[in-house]
Amino acid sequence: MCAGCGLCVKVCPFAAISMKDKKAVIDYDRCNLCGACVEACKFNAIELKTLERKYDHASYKDVWVFCEQKKSVVQSVAYELLGEGRKLASKLDCKLCAVLLGEGVKDSAGALFERGADIVYLVDSPHLKYYQDDPYSKVLAELINEFKPEILLSGATTIGRSLIARVAIKINTGLTADCTGLDIDLEKKLLLQTRPAFGGNIMATIITPNHRPQMATVRHKVMREAVVEKTRKGVLVEKKYDNDVLSTRTNLVDIVEEIEETVNLAEADIIVSGGRGVGAPENFGIIRELALTIGGAVGASRSAVDADWIPYSHQVGQTGKTVCPKIYIACGISGQIQHLIGMQSSKVIVAINKDPDAPIFKVATYGVVGDLFQVVPALTKKFKQILGK
Amino acid sequence: MNIVVCIKQVPNTTQVRINPETNTLIREGVESIINPFDMYAIEEGVRLREKLGGKVTVVSMGPPQAEGALREAISMGCDEGVLVTDRAFAGSDTWATSYVLSQAVKKIGDFNIVLCGKQASDGDTAQVGPGISTHLDIPQVTYVKKIETIDEKKARVERMTEEGFEIIETPVPCLLTVVKEINEPRLPSLKGKMRAKKTEIKKMTAEDLNCDFDKIGLDGSPTRVVKIFTPAPRRGGEILTGEISEIVDKLTRELRSEF
Amino acid sequence: MDALLTEEQKMVKDLCRQIAREKIKPVAAEYDEKEEFPWPIVKILADSDIFGVYIAEEYGGMGGGVFEMALATEELSWGCGGIALAFAATGLGTFPIILFGSDEQKKKYLPKIAKGTIAAFCITEAEAGSDAGSIKTSAVKDGDHYVLNGTKQWITNGGEADIYTVIAMTDKSKGARGASAFIVEKGTKGLEFGKKEKKLGIRGSATREVVFADCRIPRENLLSREGMGFIVAMKTFDYSRPGVAAQAVGIAQRALDESVEYAHQRKQFGQLISSFQGLQFMLADMSIQIEAARAIVYRAAKMVDSGEKNIAKLSAAAKTFASDTAMKVTTDAVQILGGYGYMREYPVEKLMRDAKITQIYEGTNQIQRAVIASNLIKELKKK
């Protein structure tokens, strides 16, 4: 049936197919079973064999958002997910529900209704005051098993990533982490989860065709927060569980906070970042000055952090923080893909770099090919003038 | 202490590119390396053994070439290497992968601690570590930046959070995923490299591990990739030219409107 | 070239390459600036078993020879010729023990050196450079001891090393047969060090005067027999010469790599300067010379390891050719980088400063040529 057209060869993202004697041959050591070739083949010559199993989907309904809280304050990533969750719930014509675990957090339920939740599932217990893997994952599993959501979203935070990964395994379902895009396949009523792979060099769209709920985590600042509707109300469902469910094997002994900068990098609307071009730790002073002048936070590329010029908490990028400010000023940063992943959704990107071929100029709204040691202080001076500082 | 370190061989992502004409990954010339976060897990495992005695077994699930990664780990000081490889594993997502690895850990035998890197640089999901601990039903602590104390009964570790860190006590056996702050991985030594060359890597197949066949490979994977594409490139804007004072004037004007 | 290497040799080369690129290159400029001894790098090399590359397995080494040492030295020198000397000059200080040491002496010192203890070789004096035969440092027998008196000059690793192999006169009346070789440990009373010298290049290595003031050492520390001093020295130099040559090759290679990278980035007259034939030919010549130097170094090193007796001529040729090449290549590198090449901010001026010493130490290139010529005549006479 293979006509030797070679379409599959072109389409395979893993270069696993080659032509031998005018027939397609698959290298199974490279094949990742993604199915791109099956779709591309016009002659139905490629088949992806899978086990046929029966799954009961009808009993699973509603879009859930796990709302992370710290010190009884709901984290803003939850509002972003409620915003996105509402879009998904509308397409599926079902309810949007929030899950809130903690101690003394009942009052926060109101805020969740204001952000669009139709139902809030609340579990309030001293055992849940601080996040611990065991009680949180057991409670969430119990809730899911009882109320059967078809989709569950959570922030891809330190808590979210540990918790949801455990729960997905526990209840035997699929989880897609760090999604940058969520949508519904209306025909199949499936959640389409899009996320970067290979350090962001490619994007993949993933589905959980059979298992339920379809779980996804989303990074902070990727989606837009749900709008507040002060008069909105909803249904509060409170559950209690006994010690079997709430027990923990690990113990939280202490919490140590190390907040350095007054402006939190992840929340900042303006960020001035320094990279390898800054050259030395003391030179970060000019970056800090500009940031201070325009009310921004200080960021850094991995090069600067690895060279010990500035602490890791300032690192923006694949292995650092994802930021989504209105203005991102990149000084002496070349713009490797691993850095871009962390900041390319910034509204305005300004790049200052000596090297005209630096990749960052391809994404910068405004590019300045020049010496940052001249440009940055000049900018600071001008801004001080304009802002009357 | 019996320490098991789980590692993955990944393409060097700094080198992975998409061929703009065909929209496919360019694999030629891209070297395979040990997942960077796993290097920290290996180093921590070796340090624990140096301090407390015992054995470090490094295990990886992958195609036959992943043996190279195991040998590199041995050259850094791991004692034994296990390669879990089988065509039946192809297409595994994180659920199936963590299941297979948990079977491998069980097969390796008595262990006190399983160490994993925070996440793999190709998939970036950070799910396999927690997945393994759940399959094994052992406690876990993720994002560990320091192991303060550890013995056969319990461990006291520092877990990195967005605001700082937490101190957590966990019973042993347990699983820890580690972050870069935990140590500085050593370079291999010549003696290590020579030992790595001679060491026999144990191979295990799905059958050796008594794997449930509907829990591995594509069939064991709840998630499925339906599309792969290059991300829409963000368009560049304009390059400002002229005297610095002109550039600064224009820039401050444009940015002011965003405040 | 890799095809000619065994697996073990590839391991040595690759590991040293990794260390040079990841650990040495990033700090080379700082050590050059501060003129400090690179103890952190010494630790890395020791942990990676590099110090034992040329030491026999029974003493804790890898069991390789001069060839493996040359491979290691070349790669480390690519990172920094000065920092690499902590390793290479230790080799120079160790060969007397390897070649002439008794079993007890080898058992006592070689394992330590394999683990990263620094050694140094002391022969040069203020009045005795090329004319090594006119050294004045004396070693007088006194019961079960020898008492050393004198001052050695320009000793690489001087002051940092724990183990010193020293050539001193035990019987001035015997001339060339009157010198002997000794091992002196740091901390011995009467072993002192002068100030650290300020040098043109290889500033990441320590060079000091080593002073013997009534320095008493046990007679067990005599290497071989009395009167063997100059033979120990000559043979030691034959064995270490490929190492110096390898250092020169490493420095030259780095200079070429920096030049090619720069030329392919720098634009003038609307083009990359790498497209100008004038520069292309320069780069090509640099490359040719380096390959030739590497080839002769490999061959000399292999010859030494083979146990051949007549290695002096090839060994001298390798050292001469490689060091002259390094000087030419590094000077050309500065020229290619132009104004930037002259600036300390860019790495090539350091390479030029580092290369110079390779034409001078371990026998000046003039002495090397004299050695080669005298060997040619000797061979003629034999026919």
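Lettered A, B and C in written order, each chain numbered from 1.
In the analysis below, contacts are C-beta pairs under 8 Å (C-beta built on N, C-alpha and C of every residue); 3 or more make two chains touch, one makes a residue touch a chain.
Fair warning: this is a prediction, and the values are worked out from it, not measured in the lab.
Student: Any idea whether A-B or B-C has more C-beta pairs in contact?
Tutor: Top pair by contacting C-beta pairs is A-B.
Student: Chain with the smallest distance from its CA centroid to the overall CA centroid?
Tutor: Looking at where each chain's C-alpha mean falls, the closest to the middle is B.
Student: Farthest chain from chain A, comparing Cα centres?
Tutor: Following the centroid criterion, the farthest chain would be C.
Student: Using Cα averages as centroids, what's the distance between chain A and chain C in whole Å?
Tutor: A distance of 54 Å separates the two centres.
Student: Roughly how far is chain A from chain B, centre to centre by C-alpha average, rounded to an integer in Å?
Tutor: Inter-chain centre distance comes to 19 Å.
Student: What whole-number Å value describes the gap between the mean CA coordinates of chain B and chain C?
Tutor: Here the centre of chain C sits 42 Å away from the centre of chain B.
Student: Residues of chain A that touch two or more other chains: which are they?
Tutor: none
Student: Can you tell me which positions in chain C touch chain B when the two form their complex?
Tutor: 7-8, 11-12, 15, 18-19, 22-23, 44, 47-50, 52-53, 62
Student: Where on chain A does chain B make contact in their complex?
Tutor: 10-15, 28-36, 48, 50-51, 53, 70, 133-134, 137, 157-158, 161-162, 165-166, 168-170, 172-178, 192-193, 196-211, 249-259, 266, 270, 294-295, 312, 318-319, 326-327, 336-338, 344, 347-350, 361-370, 374-375, 378-379, 381-383, 386
Student: Could you pull out which chain B residues touch chain A in their complex?
Tutor: 11, 13-14, 16-18, 22-28, 63-65, 87, 90-91, 93-95, 98-99, 121-127, 129-131, 133-135, 139-143, 156, 159-171, 174, 180-181, 214, 217-219, 221-231, 233-241, 244-245, 247-249, 251-252, 254-256, 258-259
Student: Can you tell me which positions in chain B touch chain C when the two form their complex?
Tutor: Residue list for chain B touching chain C: 186-194, 197.
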